[in-house]
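First, the structure itself, so that you have it in front of you.
Think of it as A, B, C and D in the order they're written, each chain with its own count starting at 1.
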């Protein structure tokens, strides 16, 4: 989930409420907040805590809330983890610490130090484009028996790597291996993945839920139809440049849907009129706006 | 297509013949030789010429043969291009020159210098993992009007980038935008791609041809069934490590199918018995070997 | 300056006092705290504030204190900047925001948003190994007229880049261009640099001050003698592996000198006995320990 | 040594002769041809052979000639090695194969396969910016006992790495560890390096030879004076952009000195008038041109 903002450290409260209800109405199985799309590293810690509190309060147990605690400081990660437990979240998610490029032994040490301090179960989050390191399959092999970890979200967009994770995690049937890039939801489920944590699901949640279910019951016709709609929606990610283009596209779309403001965390800037028009055209084609 | 070898600069002639017939029997629409999977940069220029000659002679016009001419030297690229035309090939393919990391202006200059010297139409080949640079969409915009270029193969595995290429190439309806990573064949076709240049197609060509045709006629059930088989086949790529694991997996599979030897171009080494057993297990599951 | 620690978020108070007095006794012209060597990203914000307060109180104006405010969140960077001004610091230092890889336009936007909010003058800090981006010379050209910025620290170890910065900054004779890697102190001063922010100066500050002064008065014999000693000291950086080896070497040396503890911020670990013995051997050779 | 060109695959014969005599007159201890600065990967194999033949013939044993044989194909590397031996060269130099990013085991395999085929002793060449991999110190430890290898040239510009190499190579007192980036010549010699393979030495060879000798006899005043001149000369590298700027600067300077043409291997382009004027200004300041 993105973080709806009106300005620096200024949450769009109404937007946040509408966004949550919009997503839950679509039938999703959980909410992941304060991840990459949530621009979490760009928000103050105070604002992150606010987001956790407000989301948990509003969701009120209707679905599990997972909170991104990724930080360069173990203490700050633990602090937000504790706040999340107090606020009523159900799980935590962490990528690798991301200032110093972590070697694999440092990654293992990091996870082993972190998990005993956490009040909630943890998902690992593989995001090499941002953290300059990946959780090697060999590393996961050494972490897979830690009871406090219950799965992994992979945003590498590397199907080969995903398949290796599935293999490594076979000793933990309770683990959930989830995929970030939404166009890979179907294919990763077919090679043993358990679902997706996909940004597009906040724009049209029902689409993603239906697709997930169609894959589960192996309804090829429906999978095909929904995947094609998902791919059309993906055109909003191709409007901008830079690493932030995907988030800008999502926020712009949500703004056009009347759900929340599209202000970005600084120093990133929302789309101007020409880009906005392109995002609008995609939504019009999909019948999401007129 | 991989290059079947018996040793250093020693072509597996029988294997090459069987491989070509195996692929053509599957109904593919063309052959791309001397690309990344062909280990072209690791082969001597003499051997590359041999491969071109033998492939063109045996294919004998049944399908177009495209020859990879990627080189760090413009002269060597042109030399193999001329040899290819003489041998009867139908098209050429070039990635960026790959020793010095090329800036985008240097890429444009490179293409503008190369094309007038070529006796055959050219496909560009985006392969940033190997060449340290990509053909930016803005760069393609500046190259798209050159008549001697007729398309692009993208092996970045980045669907967002692929979609941007499709957009940029709209002024050239004769261009063909083809995808490298095979699990993206269906999705790229659905966002405007024209087909794939997929390594797995040499193992089970009919599977890929059928999948292509099923997408064309929008036969969802068939697409789903074939895509699932394609994903199962993909397990052979996850057996090894390093950048060369995909080629090793393909050569090993072809060896297990009795088609050709799996010797790698040095310094790469073919799979040992344990990896071979894993590849075999995949082929057994698919009914390709007993 | 490194941050002396006894454990997680547990400052080594005695060590910090001894370290500051040790450094100031050596005649340095300023202190840079909470940079990369200070492991700032790994410390809690509360601990960072503590470090600022204690350092400023103890230095008590004897030399300027510069505080690293690098953060992925503009708000958090501004918060520590304000705290630094209140505590009596004289300057601030920021690298690029480092989760999302910033494009050059985003870097410019970042600096333009940040500077008006800062209560103290700012140094930019070029650290591409950690931030995945550099301040391009063209970017500096667009920032060089902002009065609130007074210089740049470059840790790229790229002398060619450093020379380009010196060129770009010629319109700002009040700017100070400082170098991070200490073996480049002499050479960068000779091509227009103004000094160094060098980790080794906390181990043997007089050495670096003497070297700086010898370069200023162009005393070749003394420069040569001191540079050779500086290079011998540099052997402590080659003991470990990973990006953290340099910090581990410095902390280990300071521990062997009896100045402070060598506990690292988690998940990094201090050197074990074998590495410690190697660092000790270097210090013995230099006559710093017996 | 750069490769003087008049056009594509068109050697500047007069320029080559003048360049060799200019360099030898300066008292250098050897010539390294067909390296990165020689643009070797951009030249046809035929032209590379011509360069070897002509250089060896003209040098005629006055100093050792080392030939770069770096190639993506082991066969082509061996072919140019044999040609070099026949032509009268004294040594060979190879970087890692550079299309597929080589893992460390593949690097070891590569060297072990290559060395027995070589008719001349070999230097390794560490050039990670171009080859996407470095020779790890642990890898060198496994190669250091191979008699056919006699040293290493390091162009990483990483003094910490260089020091680790020196340590690893201590079991081979006959090895020569040479540095690429010329501003590090003095410092690397002081930590155990044996000399440099420096592009600037073809512009003003006597400067580099004198500097080498001044370091050997520890003449601080002379080292200081010459190093300052070396740094002033280095301004020619900062004129251009892209990875090729250093080569363009050298070729432009040699052209201004009347030694040879500054045509670059395609697709790179020589400096235009404004850049040329900047290079000229540097040479004027050094009294090399009027």
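Simple rule for what comes next: a contact is a pair of C-beta atoms (placed from the backbone, for glycine too) under 8 Å apart; a residue touches a chain by one contact, two chains touch by 3 or more.
Everything numeric in this text was worked out from a predicted model, so none of it was measured.
> Superposing the C-alpha atoms of chain C on chain D takes a rotation of how many degrees, nearest 5?
180
> Using C-alpha centroids, which chain lies at the maximum separation from chain D?
A
> How big is the gap, in whole Å, between where the Cα atoms of chain A centre and where those of chain B centre?
34
> Express in whole angstrom the distance between the two chain centres, defined as the mean CA positions of chain B and chain D.
35
> Spell out, as numbers or ranges, the residues of chain B touching 2 or more other chains.
Counting only residues that touch two or more other chains, chain B contributes none.
> Report the complete set of touching chain pairs.
So the chains that touch one another pair up as A-B, A-C, B-D, C-D.
> If you look only at chain D, which of its residues touch chain C in the complex?
Going through chain D, the ones touching chain C are 157-160, 163-164, 167, 181, 183, 187, 190-191, 218, 220-221, 223-225, 227-228, 231-232, 234-235, 237-238, 245-246.
> Quick one: which bits of chain A touch chain C in the complex? Just the residue numbers, please.
8-9, 36, 41-45, 47, 72-76, 79, 97-103, 106-107, 109-110, 113, 129-130, 132, 241-244, 265-269
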